[in-house]
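The same chain A turns up in both complexes below, where it pairs with chain B and then with chain C.
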Partner chain A sequence: MAGIASLCCPSSAAAHLVMTGMGPVYDGIGHLLLTPEDLVAALSLALYAGLRGPISGRRTMFLLPFAWLIGGIAGLAVNALPTFPVSAVSFLVTGGLVAADFYMPVSAVMVLGIVFGFAHGFLNGVALNEGAGILGLLGIMIMLFILTAFAAALVVSLNKPWARIAVRVSGSWTFAIGLLMLGWFIREAK
Partner chain B sequence: MNRTAIVALALVLCAGTNTIVLSHESQPGILELRQVSRDRYEVTWRAPIYYGRPHPARLVLPEGWKDTVEPTVRMLPDSQVFRRVVTVGDRGVEGIDLRFTGLEKTVTDVFVRLNRLDGTMMTVVARPSKPFAKLRGERAWHVTAGEFIGLGFHHILSGVDHLLFVLGLLLIVNGRMILLKTITSFTVAHSITLAAATLGYASAPLPPLNAAIALSILFLGPEIVRSWNGQTSLTIRYPWVVAFLFGLLHGFGFASGLTTTGMPKSEIPLSLLFFNAGVEAGQLVFVFTALALVRSFKILEVQWPRWAEALPGYAVGSLGAYWTIQRTAILIGGF
Partner chain C sequence: MRCIRSSTGPSIVFVMALSLPWSSPALAHVEQGQAAGFLIGLQHPWSGFDHVLAMIAVGLWGAQLGAPAMWLLPVTFPMVMAFGGMLGLMGVKLPGIEIGIALSAVMLGVMVLAEARPKLMLAASLVSFFAVFHGHAHGTELPPGQNGLLYSMGFVIATGFLHGLGILLGLLHRWPAGKLALRSAGAFIAVMGVTFLWGALK
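For the complex of A and B:
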């Protein structure tokens, strides 16, 4: 009561300052959410992992963010952008796999998650070199973990055949976007 | 709720803590325009220090605004202050756009305040997604509403200490009814102090407030572990009581997010209402994200190891302890 009473003595306005050092982590979270090349491709991979069942979904949920972080650290260190159209290929591969509901063993899905995560993480690392750095990568990793868990669990929980078809339709759209991105990349390269 | 599965959310909150940071990166910029005569304004642009360097955003004044005295720049520990006195011409300032080049590459909001000679005042916020501020007189209520809902939403989601406290509560409660009661208590309590502080009936000085908020998080750490070990306590039996009491403290923290905008008195009731709505929306998003994550872990059949099950409680307690020590040190002038 005394504490509350002491607070009730109007004095100078006091600004709340959150002294947590979390700014770069939020930068990273924002970076992922505002970068469709990463966000859509990662969601597409999570949907595919979900289509392959709970084990694939679970392992991708852990492996993808981890590989992304390792790739990001490599990107921070190397700081050179590859000339390879990573995003376009990711869209094509993950979109194609989802659309076809292509069977792959769990180990293959894991390898895909590692390669995919490392490649996109590398690009992010280069992008974050000037700003949020390693803490930014941590923010991306956290957001990626949450989104992968949501997307994979959503697909695993789908029981109705039409719902799985809807997921596959989303894969076909991702694939189509990947084709456009690849076409654009080739046009720009000429 | 299944506290074991929520480990990842604790990781979300503990992962980013690093060394002592005395002013954080989302500290807002402030631009103040004070009318000194019919067509003359004093322009003060306080750009916060961003990642240890001068802020990359640059204020661009409209063409036709002319300096009447030499502009000055002052370097402060937490910001750079640019001061100019300008004449704005016959057109005045109504409908003018003030641009901040480079703001779009940052996470900084800028509060723009216009003080007129007749005592009226207006505020507007420029954001990275909208790196300009349009000065205008009266504006529709829904514009104000949208602005302050966004501000409240942003304030709670960027306030990791508030979120960690809510997470601590989530880890203690068992059952939907208790969860509902606890979150409602927290909401009611922080709404009371938010309103009291915004309307000027009460205030809390910053350093002890921050230390007390950190202490509220530290308090929950042992309670989580106790609950996890199957023990009981007043907090575990009645988490809504603790949520209410500490919610009063957190409300003062939320209030600062609103009062620093320097809103005009006529806009206070509306701003308060919608800022609080934004805070509640942000809080609900966080709670539902946590619950959805728990559900996802169940669907994906995640089996957490024993050490991972204990992590959330220790994470909340450790971070609470760290911030309590850090903020107490600041309070007594050690840092």
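For the complex of A and C:
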């Protein structure tokens, strides 16, 4: 009887994401996973760090998310999008390095990770300015750490030559996508 | 029964994988352009028989040549093809595109037919030269209103899978009958290339 009576004055359950949202940290996690400009580029850098060995992979795993966070905070503060095609250049650089399996000392890989992380983080910061904000950046950082750790560790563990070649093939694809993105960018700019 | 199950499972997966390039977008969500961009990019390399044959021929020839050419050619082709695509997107004119594409099928078909074994750099240069024509054609044919990144991703992935298909078929080269089959495939590709060339010159 009480149950039937309560039906007369129900309130919304708000149990689903459309109503409640996922929260800013999960928004950040979703942002990284659903933004191929960042996801593919970050994975490509992680693959390269893995190709350069375990030390390089480990340091990138910590440095990249940290630089991304710093860049994101700067993006939140500045809130101005650069006209430079950051994603296309990231794809070209990281894809080219993976495809060529180009040797670089660990320190140079670190510098690359810092510059790359800062640039992408800055773009994310600008994008999240009116949304998830700093907590969103934290979500991105967490997801980035996990992805970088998995991707770099996977490559470090590869022993068979064909498996490393498969990684290099993925680099050539990333490089090719970067070239096409650059073409799109120039066409749009005309 | 278990035997039947174990043999049909991979077949179903194979048929499903083959059907992916021809799948149409579900368009179930609001951002239609995103999904369509990737799927249209994925379908585009399969849409022209001349492109399909040339890209499979690259894989076949690479497999005939063995390592490292087997990997170098499919790594080189998408990169140079994307360069051609970039030129096409930028509006840079390149004369004789259709002739170049037709000639690529003829030349690559002949290479597979003859089991030609030039030096690695020469083979890579030949493949790279023709890749520019294929890329340029794709670059100028890009439909408007697509998501540039997702379209490019689909396009490059599909190209890579075509090369992979060629390499996979090229593994037949291990057996004498397979060698003959590959050379026959090369002859078929070359003949088709001549018909494309005939069409381009008309």
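Keep this in mind: the second predicted complex is superposed on the first by the 168 of 190 C-alpha atoms of A that agree within 3 Å, B and C clash if a C-alpha of one lies under 4 Å from a C-alpha of the other, contacts with A are read in each partner's own complex, and residues count from 1 in each chain.
Quick note on the criterion: a residue touches a chain if its C-beta (ideal position, glycine included) is under 8 Å from a C-beta of that chain, and two chains touch if they have at least 3 such contacts.
Everything quoted here is computed from the prediction, not taken from an experiment.
When the two structures are aligned on the shared chain, A:115 is found in touch with neither chain B nor chain C. By the document's definition of touching, of the two partners only chain B reaches A:27; chain C does not. Residue contacts after overlaying the shared chain place A:173 against chain C, while chain B stays out of touching range. Of the two partner chains placed by the overlay, only chain B lies in contact with A:150; chain C stays clear of it. Taking chain B and chain C in turn and counting the residues of chain A each one touches, the greater count comes from B.
Using the contact criterion defined above for the overlaid structures, shared-chain residue A:104 touches neither chain B nor chain C, since it reaches no partner.
Contact with chain C, but none with chain B, is seen for A:87 once the two complexes are overlaid on the shared chain.
Chain A uses no single residue to touch chain B in one structure and chain C in the other. Interface residues of chain A, counted against chain B in their complex, comprise 3-4, 7-27, 30, 54-55, 57-58, 61, 131, 135, 138-139, 141-142, 145-146, 149-150, 152-154, 156-157. Touching chain A in their complex are the following residues of chain B: 8, 11-12, 15-27, 51, 105, 107, 158-161, 193, 196, 200-206, 209-210, 212, 248, 252-257, 259-260, 289, 292-293, 295-297, 299-302, 323, 326-327, 330. Interface residues of chain C, counted against chain A in their complex, comprise 71, 74-76, 78-79, 81-83, 85-91, 139, 148-153, 155-157, 159-160.
Chain A contributes residues 36-37, 40, 87, 99, 165, 168-169, 172-173, 175-188, 190 to its touches with chain C in the complex.
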